[in-house]
C-alpha cells in the first residue's frame, strides 16, 4: 500500500536508510504520531486561550493577560494545575468505564487530525476514503461522553450523556449529508483530491447556491457535533451543572475540555478543506511558496473557529426537543433537497469555474 | 364597598344564635337573602373593629373561619380573591393568624383575624383550598409558631430543619446561644 | 410558505444578535469595563461618602471630639461599638467629667448602616474610605479608634 | 400481543429525584429544588428553603425602628432602597409625619433607579440561564453606572440604608442630577440593544414563548405580584393602586401582558425599564428645594395599633405589617415578601415542562433568595 503525498513518506525514506523496511514503517508511524500529539496538545491549549480572549472581547472584558505576554502561557499554567490536581470520583461508579471515557474522547479527536491536509506535503495519512474516515471518527467521541456520563453514577451526568447521544445521532446525518453534497462536486472522498479539484475555484464558489446552503448546514450541524453553545445541551451549566463531566476532575477533566477544542478545530478544518480549498491560497497568490499552505489552512480554519466562537457567545441555548426539531424538521429535509439540486447542477454543468 | 357596608354584609352571614333565641336556629350555609330577611339587626358572631388600623378588622371564631373565608372569596359583592399577607401572631396569651385580603375587582381590603388560647396544640382550618398562596404561608406559620392547619396538603417545616426544637417567633421562645437580647 | 419565512426570519434575528456582539468585539480595546484592581490602586479613589469603615479623626494636637456620650453605642444595631469610659477631672472647671478611655470598634460586626455617625452629636466619628479590610487574623478587625494619649478637644460638649 | 406487553414492561420509565441546588448555577443562591422527573419531563417541583434564613422578623422585635431599616437592606438586596422606603413609610404614616416633597421625589427617583438596576441584573442573568452568556456583562455594565450613582450619593452600592424614618440620611450629592441624566441618555440607547440581542432572537423566543404558563386566576390565587403577576394579566402595580412618595405626581403606564408565559414576564420587565426611565425623566428636572429630613425623636415610639404599608419592589409587592403596642420596638413585624409568594407558583408553572423550561421559568421569577428566606 502506497500512501501518496504525505510526510510519512519522507520520514520513511529517511528511516529505511537505517533499518529494515517493516521496522522503518512502524517507527515512522510512531514518530509522526508523537509529533502530532505534541503539536495538537499545545495547539488545543492555545485554542482554549483564543476562546477565552475572544469571549472576553465579546463581553467587554480583557481576558487572561497576566501569565506570559498577553496571557500566552495562561492555559499552560492551567494545564499544569490540572495535572497536579487530585483525581476525584464517585462511589459506586463503574471505575473501568469511568476511567476509559476521557481517553475515548481525546483519542478520537486526535485520530481525525491524521488525515488533515495542512499543505500538499504535510499530511500524515491520505487515505482514499478521507471524508468518510473523518465522519466515522468524529462520531466515536460521543461514545466516550456516553460512557463518562453513565459511569459517573450521577444523575446530572446521566442526563447530559443521554442528551449527547440523542444530539450526535441526529446531527451526524446533517454533517454527513452536507459533506456528501460537496462530494458530488469532487467525485472523490480522498482529501488530497478534493483539494486538487479546488484549484479551479473553491468548492463554495464552484457549487454556488447549494454549496452555500450546504456550508450553513454543515456549520450548524458541526457546532452541534462538538457540543458547543448554542447546542451545549450536554453541559448546559444552567441546567445540569456541568453535564456529563460533572464528576471528572484534574487531568481527566482536562481531556474532555481539550477534546472539545480539538473537535472544534477539526470541524472548522474539515469545512476549510471541503468548502474553502484547504491550503490553496486565494486566487493562487502564493502558489510559488508551497509551505505558506499551512498559513492559509490555519487562517481559514481559525476564521471558521472564530465564527463558532461568535455563535457561542451570542446565542441562547436551545431546548433539547427544539434541538431535534431543528434537525429533523429543518436541516434534514433542506439537506436532502439540496443534494438533489447539487446533483442537477453537476449534471447540467452549471458549476462556476474560474 | 365601604367598610360599613362590608361590616353589615359580613355580620349578616354569621348571626349570633344567642341573640335570637326566640327565632329558629339559622343554618349558616343558607343563602344570605334568607338570613337578612329573618334577622336584619342580629348581632354577629364576628367582631368588627377599625380602631388602630387602616383596614376593617374582623375577628372570627376558629370554627367559622373556613366558611367565612370561602364566602369572602366567592360572594360577588366581596370577591376577596387576593390574599396578600398571611401572618402568624403571638399575642402573649393567644396565638392567632392575620389574613390580609384584597379584592382585585372592587379594590377594597379587609383584615381577618383568628385567635386561639390553646398554646399546646393550636389548630385552625387551612385556607389553601381557597387561595393557593396560603400553602407556603401556612407552612411558614407552622414553622415559626407551631400552629397546625387542618386539611393542609403538605404541612411540614419550611425554613427550619425537621429536628428544630420550639417555634422561634413565639414570644416565649428562648435560645440562649443564638439569640442576642438587647 | 411559512416554513421558509420562518427560516429566513430566524436567520435574520440571529444575524442581528451577532451584529451586536460583533460590534462590541471590534470596539473591545476601548470598551473593556474590567477594573484591573491591584494595578489601578493608585488611581482608584472612592467617593467621599463611601462607607468603608468608621474612623475617628484626630487633629494635630492628638485631640478628638468624642465626649463618650455613648449615643453611637446605643444606636448601633449589632453591638459593633463599645465605649470604655472613665470619669476624669476637668482641668479648667475642676468638675468631674466623662471621658473615653477606649473607643472599641469591631469592624467584623459592622454592617455599615451609618446610624452611629448619624446620631453622633459632636461629629467625632466619620466614614473612612478604606475598603481593603481583609486581614489574616480576625482580632485585627477589632480596633481602638482613639489614639493613645489623645484627649477631647477643648470646648466640645454633648 | 402478549409479547408487546412484556417489552413495554421491560422499558417502563421510572421517575427519579434530582436535587437542584442548593449549589446550582440556575438557582441564583441557595435555593434547593427537589425535582421529580421522568426523563426530561418535570413531574413535581418542591422547593426547600431556609438555607440562609436569619429570622429578620424576630430581630426586628428587639430593634428600634431606625435599626430595622438597615435589616431590610439584607432582604431583597437588589431593591434595598425600596425595602428601606417601605419601613420608613410605615413609621412615618404611623407617626403621621409630614414628609417634605424633596424627600419624596428623591426617594422615588432612587427607587426607580433601583428597579432599573435590578432589572438590568435580571436581564443579564436571564440571558445566562437560557445560555447566552454575554448578556450578563452587558446587563452588569449598565447596572454599574447606577451603582456608581448610589455610591456617590448614598455611600454604598448595594445595602444603601439611605432612608431614615423622617427623610434621608444625607442630601443628594451635587453630581446626582447630572449623573442620572447621563445614565438615562445612555440607557435609552441600550434597551434597544437588549432587544436586538436577546428579545428578538429566534432561539430565545422559542425557549420562552408558551413556557411556564400562569393564568390570571392562578396568578391571583397564588398571590404573585410584580412583573410575574403582570405578565399574567393581573394588574397589581402598587405604584398605581396605592401610590406612595411622589408616584402620584407622575404619569406612567402599568406594563401588562396577558399571555402569562415566560416571554410575557420578560417583556413586562423590559417595558418596566422604559416606564421607570420615564418616571425618572419626569422628576429629575424639578426636584423641589427644601429639607431632606424631618426631625424625629431620638427614640421613635409608634402609637398602639396595626400598620400595613405596601410598596412595589423590583420583584413585586412588599408588605410591611407592624403591630405596635406603643413601645420603641414593634411587637410583631411581618414582611410580606414578593419572592416568597412568587416562588410558591413555581411548582405549578414548571410541572409538565422540561428541565430547560424550569430554568427559564425560574429566571423570569427573578428570585432573590434572602428575600424568600428573610
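Think of it as A, B, C and D in the order they're written, each chain with its own count starting at 1.
As a convention for this text, contacts are C-beta pairs under 8 Å (C-beta built on N, C-alpha and C of every residue); 3 or more make two chains touch, one makes a residue touch a chain.
Only a predicted model underlies this, so the values are computations on that prediction, with no experimental measurement involved.
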Set of chains adjacent to chain A and to chain C: D
Geometric centre: closest chain by C-alpha means: D
Inter-chain centre distance, chain C versus chain D - centres from mean C-alpha coordinates, in Å: 26
Distance from the mean Cα position of chain D to that of chain A, given in whole angstrom: 44
Separation of chain A from chain B, taking each centre as the mean of its C-alpha atoms, in whole Å: 66
For chain C, residues contacting two or more additional chains: 14, 17, 20-21, 24, 33
Residues of chain B engaged with two or more neighbouring chains: 180
Contacts with 2+ other chains: residues of chain A: 58-61, 313-315
Touching pairs - complete list by chain label: A-C, A-D, B-D, C-D
In the complex with chain C, residue positions of chain A that touch it: 54, 56-62, 310-311, 313-315, 330
Residues of chain D defined as touching chain A within the complex: 16, 18, 24-26, 40, 127-134, 136-138, 141, 197-198, 201, 203-204, 206-207, 354-357, 359
List of chain C residues in touch with chain A within their complex: 7, 14, 17-18, 20-22, 24-25, 28, 31-34, 36
Partner chain B, residues of chain D touching it in the complex: 49-50, 53, 55, 57-58, 62-63, 218, 220-225, 234-236, 241, 303-308, 310, 317, 319, 321, 323, 332, 334, 336, 340-341, 343-345, 348, 373
Chain D-facing residues of chain A, complex: 55, 58-61, 155-156, 159, 229-230, 232, 236-241, 313-322
